[in-house]
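Structures are listed in the sections that come next.
Look for chain A in each of the two complexes below; its partner is chain B in the first and chain C in the second.
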Partner chain A sequence: MRRPYLRPIDSLWWAKPPYLAYTLREAAGIAIAAYALVLLAGVICLALDENAYSAWLRFLASRWSLALHAIFLIAMLFHVWTWFAIMPKTMPRLVIGGRYVEPRFITAAGIVIAALASFVLLAIALWVRP
Partner chain B sequence: MMAAESTAERRVTIEVLRYRPDQDTAPVIQAYEIPCTEDMSVLQALQYIKDHVDGTLSFRWSCRMAICGSCGMMIDGKPQLACQTILRAGDARPLRIEPLKHFPIERDLVVTVSEFVSKIESIYPFIIPKTPRTPAEGEYLQTPAELARFENFTDCINCMLCYAACPQFGENPDFLGPGAFALLQRYNGDSRDAGHDKRMALVHTENGAWSCTAVGYCSDVCPKHVDPANAVNQNKTNSALDFFFRFLPRRGRSERGA
Partner chain C sequence: MKRSVTPVFWLMFGAGGIIAALFGPALVLITGLLVPTGVGVNPAIMDYVHTIAFARHPLGKLVLLAVISLFAWHGAERIYLTLKDMHLGRKLTLAWLSYGSAGAVTLATAAALLAIGF
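Let's look at the complex of A and B:
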């Protein structure tokens, strides 16, 4: 006698391991978007007038803003790490010189390039500082 | 058989999710305490139960060496091959064995595979040659580099662990799913094949690549390192390219798909 039984799926699957890592990876994107909004607010303030821009600078120096940016930094580092960890899965298999390139090399290359780019940007920022 | 008297003092409790359609309205847990040895697999434990404790327990198995893909089940919540998972006798807590998640249960640890088989059949799982050759003309040649582009996708054993790992398949049983995508990419990635357009028609749909949210757990549980998440996600790019390139002349598309 056939009477197949389909178990209901757990509606909170995304909040539990092993899927929690995926949920955190995707959620880090929200922090990145929020950081982009802070930067966008700065650009808009700059376009408005000097008062608005100095108000935005004062907000950046506030304790709340520093705490927020600490969270943004952690989220960004996590996002960079997980982004490059998943990157080999989103591209065709890389074959160089007739040999398959292991995903961990692609991940490592991405992280190294991101780190180098960050240091160069930081160096330029320190160099042009008045 | 495997339960020699000398090892009878080592015992392990195994909890099996049982479902007998003729008597159970819903699956129930049944615990078995059996003797075990240090080198015993979960499959051997199930075979011991069936041979010596409870002959009504149903489960699929065949090769007991991780190549037939029959004995996939949830072992302590993780999709694994029972033959490839070793019982750890030292563990005080009971081992929990359930049928593969996201599939209807037929009986005990046996799940329905017919939908999966239909999906495998739907992706044109064979080489569609660009220009058919006669045996007299010789074989279709391929370089090692061309083989490297899809070789891992040929290793799939259809064990369906990736489907049990995929929450999007759980949400949408019509999703083509990681296993079928691995086979699809095995042929689409093959330099001798020209069936790209036929298979892409399946990739483009709501139940194709776009049902995937790149959770990636399917590749983690794959016992043959096929990396089905890669097969699905590189086809999102292919699907997007096809969307934008559909306005271009036909020639460019088929060349790229080759």
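Let's look at the complex of A and C:
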């Protein structure tokens, strides 16, 4: 009978370094999906009627929701960082002027573009006066 | 050769990831923190009248569907791979749970947007 050797693995391996960094990165994905659910609830309330939508807005103003969105914001910022940190590894090597562009420049450029994009959206929201 | 559906999930994951990286922080800040507290912005930008006007416009519908469904697919991919690595169930079960949820979110969003009308 075949009895292969199975190396014992700590069942909490994902909660310990060096894997913890990956677990946290993946957890940011949970926050992004949870934010999508909050928005979905808003769209469903919008489809129901004005009272339902007002209830959703009141939920957004509650302490629980503000704390939740503070966590979402931290997760989003962490996502921006990890997303562009991985980007050089997931794309073909970039050559400009016969030279390979260093990964850290790609990461930095991505974060700058993301900061600009978020800033423009924020600026529009701050300037719009309906 | 049998074609794999994995690239489709990766495409949705990547699309959601790039939207979240570019606009995620601003979106959460605006809809979840600034509008509810009235700090900096006029809360009227998200009142019933303006939001339903936004959701009735085809471009508004597209933005809402893209953001909500792609964020869900992005999260689903990460949740699926993490649960799979944790050996918390059979691969097929975990795939149905995570991708199925993202599919349900997509359908629910589309249905609500259609119910809102044009």
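By our rule, the second predicted complex is superposed on the first by the 117 of 130 C-alpha atoms of A that agree within 3 Å, B and C clash if a C-alpha of one lies under 4 Å from a C-alpha of the other, contacts with A are read in each partner's own complex, and residues count from 1 in each chain.
What we mean here is this: a residue touches a chain if its C-beta (ideal position, glycine included) is under 8 Å from a C-beta of that chain, and two chains touch if they have at least 3 such contacts.
Every value quoted in this text rests on a predicted model; they were computed, and no experiment measured them.
Trainee: Going by the contact rule stated at the top, is it chain B or chain C that touches a larger number of residues on chain A?
Mentor: C
Trainee: Go through the superposed model and pick first if A:K89 touches only chain B, second if only chain C, both, or neither.
Mentor: In the superposition, A:K89 touches chain B alone.
Trainee: After the superposition on A, what does A:A125 contact: first (chain B), second (chain C), both or neither?
Mentor: It touches chain C, and chain B stays clear.
Trainee: Looking at A:L6, would you say it contacts chain B, chain C, both, or neither? Reply first, second, both or neither.
Mentor: Only chain B; A:L6 stays clear of chain C.
Trainee: Go through the superposed model and pick first if A:G98 touches only chain B, second if only chain C, both, or neither.
Mentor: first
Trainee: May I ask you to decide whether A:A33 touches chain B, chain C, both, or neither, giving the answer as first, second, both or neither?
Mentor: It touches chain C, and chain B stays clear.
Trainee: Given the touch rule stated above, what does A:W14 touch, chain B (first), chain C (second), both, or neither?
Mentor: In the superposition, A:W14 touches chain B and chain C alike.
Trainee: Is there a shared patch on chain A that both chain B and chain C touch, and which residues make it up?
Mentor: Residues common to the chain A contacts of chain C and of chain B are 14, 26, listed in rising order.
Trainee: In the complex formed with chain B, which residues of chain A make contact?
Mentor: The touching residues are 1-7, 9, 13-14, 18-19, 22, 26, 86, 88-93, 95, 97-100, 103.
Trainee: Quick one: which bits of chain A touch chain C in the complex? Just the residue numbers, please.
Mentor: 14, 23, 25-26, 28-40, 42-44, 46-47, 50, 53-54, 57, 60-61, 65-66, 68-70, 72-73, 76-77, 79-80, 83-84, 110, 113-114, 117-119, 121-122, 125-126, 128-130
Trainee: Of all residues in chain C, which touch chain A in the complex?
Mentor: 16-18, 20-37, 40-42, 44-48, 50-52, 55, 64, 67-69, 71-72, 74-79, 81-82, 85-86, 102, 105, 108-109, 112-113, 115-116
Trainee: What residues on chain B touch chain A, complex-wise?
Mentor: Counting only chain B, the residues touching chain A are 19, 21-22, 26-27, 78, 101-106, 112, 143-145, 148-152, 167, 170-171, 189, 213-217, 219-220, 227, 229-230, 233-234, 236-237.
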